[in-house]
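We just call them A, B and C in the order they show up, numbering each chain from 1.
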Amino acid sequence: MATLQIEKLTKTFPPHSKDGRPVRAIQDISFAMSGQVFVSLVGPSGCGKSTLLNIVSGVDSPSTGTVTVTQDGKKARLGYVFQDSRLLPWRTVMQNMLYVSDLPEEEGRANASKYLEMVGLGHAHDMYPGQLSGGMQQRVGIARAFSVSPDLLLMDEPFSHLDAITARSLREELQVMWNATKKTVLFVTHDVMEAVQLSNRIITLAHGGTVFDDTTIELPFPRKASDPEFAAQQAEILGRFETMELERTAAKG
Amino acid sequence: MGWAAFFGIWAFVSAVILDEFTLPGPLKVWNEILEIVRGGSWADDFLISISKTFMGFMIALIVGVPVGYMMGRAGYWKAFFHDGVVGAGSIPGIVYAIIALVIFGIGFQGPILAVGLISMPFIALNVAEGLEGVDRDLLSMSTAFGRSDRQALRHILIPSIMPFAFAGVRLSFAIAWKVEALTEVFGSSNGVGFQIRFAFQGFSIAGVLAWTLMFIALLLLIERGLAIVERWLFRWRTWEQAA
Amino acid sequence: MAIPLAYLGAGRMSAATMSRQPGFANSSIGRALRSSWGARVTSYFAFVVAWQIVGASFFRVPTPWETLDFIWREVSGGDHGGVRPGQFWEHFSATVPRFAIGISVAFVIGVVVGLLIGSFSFVRALLSDVLLVFLALPAIIWAFLTVMWFGLGWEAPVYTVILSAAPFVAVNVAQGVRAVSPELRRMSDAFGVPRNRRIRSMLLPAITGYLFTGLRFAVIIGWNAVLLAEWFGAVDGVGWRARLWYDAARYKGFVGWAIIFIVFIFLLDGLVLSPLQRRAFRWRASPSSDLKAEVGAVDTESFTNTAIGL
């Protein structure tokens, strides 16, 4: 369980063309999270949520502001699940799991096996990613991220490239795994409903990279579509989302 | 069926249109081949030629891989090597034979240098292209999980480049093999090229044809062999494409 | 290199990277040297220096200056210190007609054969292996055979050019014809497009690019072939002249003629043929990188192409 602290973060990209303006992807964002929380970052495309995740994970760096990710004062271990599974196509599933692990060989294999079992791919150790379906590849991605026992787990729209049915079953699996391991999770998505189903806190980003809303959701897990309270909460968050979109359209026009 | 046509046309032309002296028919050349094989030294000549080709490839790899790597990594080196590599790749093999001859005269080093020079551009260009084609998403995954540069090099860069480097070797093999033989024709005292020149000087048309056919047969065989090795080495690619 | 792997430069030099260096490297000379134009000039300079070093260390190898001096004398008709005076035009003008005739005939034969092979699967089944063998036969073999058949003189070079170059034209034209996708053909069938309009608007533009590729290959191989044939079986011409100097162990003469040979083909290919080919192919969005396209390197799948050797 980690502590993530973001202070006055901005990120600007150089202009696309010679006389264009610099692109401000994130503007003065601050928030903090820690402990056993599942936080979703929601927003339309172009609101900077993937950029934020890149900065938190160290792949990219901030223009100004600070990002600290700590675990008991030390640097925290990160796990990352991507939209596309990003498995090494020339290595087997097991080898992919071992690539990210720092454990010695024997332990690493046992550890990887455990997580592969959890996602239902215990039989696929020696298969190549090309032999797996998109959903299975994504499961391996999830198992891989969990297997490094990360303090902070980052997920970037992991289900957006899957068909609705596979996505739904993976969401349930994710929920089960999170309940079992209770990690700190930062989950990015453009799907508001997905966010309401999975998280206990939703941060909404507006276009241009500012924080629009920050809501905690108190409902117990697991959340079912048939539950009226859940439906109500969804409607409320969605309503706020729509308001934001309306405001934006009004401002533009 | 095509092969039947080939031999059929050949036999026809040599028996009917020309004469057996001008164009020896398939049978006559086949006999010549048997003679050569019975002679016993043919294996030595081919072995000598193949090993010179192989050594030339080693040189091409030793020079080509680093050059290709530099070209793929940094714009400065890409510009620096560009004209040299592209120019070197467009020069006909005979020029390399000439260069090798001038530097080494008669001897075994000439063909080796010629092979090295003509294969190097293919390998360098393929490695550079492989590097440019590296999946950046995989590299950022590697960084996100805290992997070191060395691990990324070993598990991502090198496997990404390998198919390209191998293709470079396979493509340039046919050309290298021919350049090697050509260089031998001009200035060696052993090897396949030497034998062909010897037959020419002895005015043996059948001899020239016999050695040439053996040369081509070996070329096709090795080509096929390399293709099979490539398909096995990179079997994950067919799956990736299918998925 | 200081650039972390995650940001592989991929060959692009940004103004940002360049201006971050300290001291001299950031002065205007330094910047010019480190530009891509500067890199090219430096590489030529390095090449000449390397040549000079090799020439100074191996006695057989002529230095750049010696070679240039030789070429000048040869071209201007000056004398070479006792040996026969320069006869550049005499020999060059012997070789070029042989080359031109050979290429023209090779082109015609190649186009005809290529059209047949590409259009009729029966012909393809019959001739594709024949074509493969002809592609694989090195020019030197044709040089030998034609010399043995025709003796010394103009015939051997011309026939060598024809026999070496025609297969390449044929294989490219055949590919071009087959590249006219079956969908386009069916579309023309469905609309009942008359035959000559089909040929003009559908077939010809599609194969023009391939015609040019075939022509380029034919030119390079043919020029090669003429040199080889003249080396072994002519009494004048570029190849013969080069051999003269080589046999006399006057290597600067040999290298000089080799350079004349190379320069001619570079000029012909670079100034005339490549631009024409690029224009002919501009409708096609080529997926391969431009570096390889420049070399004329081919994709790894086509087996016929791997038989190409120069």
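Assume a residue touches a chain if its C-beta (ideal position, glycine included) is under 8 Å from a C-beta of that chain, and two chains touch if they have at least 3 such contacts.
All values reported here derive from a predicted model rather than from experimental measurement.
Asker: Please give the intersection of the contact partners of chain A with those of chain B.
Answerer: Of all the chains present, none is in contact with both chain A and chain B.
Asker: Based on Cα centres, what is the most central chain?
Answerer: Chain B is the most central one.
Asker: Please identify the chain with the largest separation between its CA centroid and the CA centroid of chain A.
Answerer: Centre of mass proxy via C-alpha means gives C as farthest from chain A.
Asker: As a test of whether you follow the contact definition, which chain pair has the most C-beta contact pairs?
Answerer: Ranked by contacting C-beta pairs, first place goes to B-C.
Asker: Using mean CA coordinates as chain centres, what's the chain A-chain B distance in Å?
Answerer: Using C-alpha averages as centres, the distance is 50 Å.
Asker: Could you work out how far the Cα centre of chain B sits from that of chain C, in whole Å?
Answerer: From the centre of chain B to the centre of chain C is 18 Å.
Asker: When the centre of a chain is set as the mean of its C-alpha atoms, what distance in Å lies between chain A and chain C?
Answerer: A distance of 54 Å separates the two centres.
Asker: Could you check chain B for residues that touch two or more other chains and list them?
Answerer: In chain B, the residues touching two or more other chains are 140, 143.
Asker: Give the residues of chain C touching no fewer than two other chains, as numbers and ranges.
Answerer: 6
Asker: Which positions in chain A touch two or more other chains at once?
Answerer: Residues 59 of chain A touch two or more partner chains.
Asker: Using the touch definition from the top, list the residues of chain A that touch chain B in their complex.
Answerer: Listed in rising order, the residues of chain A that touch chain B are 54, 57-59, 77-80, 82, 84, 86, 88-91, 99-100, 128-133, 148, 154.
Asker: Quick check: in the complex, which residue numbers of chain B touch chain A?
Answerer: 137-138, 140-141, 143-147, 151, 155-156, 159, 234, 236-243
Asker: Provide the residue numbers of chain B that touch chain C in the complex, in ascending order.
Answerer: Touch list, chain B to chain C: 1-3, 5-6, 9, 22, 71-84, 86-87, 89-95, 98-99, 101-103, 105, 121-122, 125-126, 128-129, 131-132, 134, 136, 139-140, 142-143, 149, 152-153, 157, 167, 170-171, 173-175, 177-179, 181-182, 185, 196, 200, 203, 205, 208-209, 212, 216, 219-220, 223, 227.
Asker: Quick check: in the complex, which residue numbers of chain C touch chain B?
Answerer: Chain C residues touching chain B: 1, 3-6, 8-13, 34-40, 42-44, 47, 54, 58, 60-62, 125-130, 132-133, 136-138, 140-141, 144-145, 147-149, 220-221, 223-224, 227-228, 232, 246, 251, 254-255, 258, 261-262, 265-266, 269, 289, 291-292, 294-298, 300, 303, 306-310.
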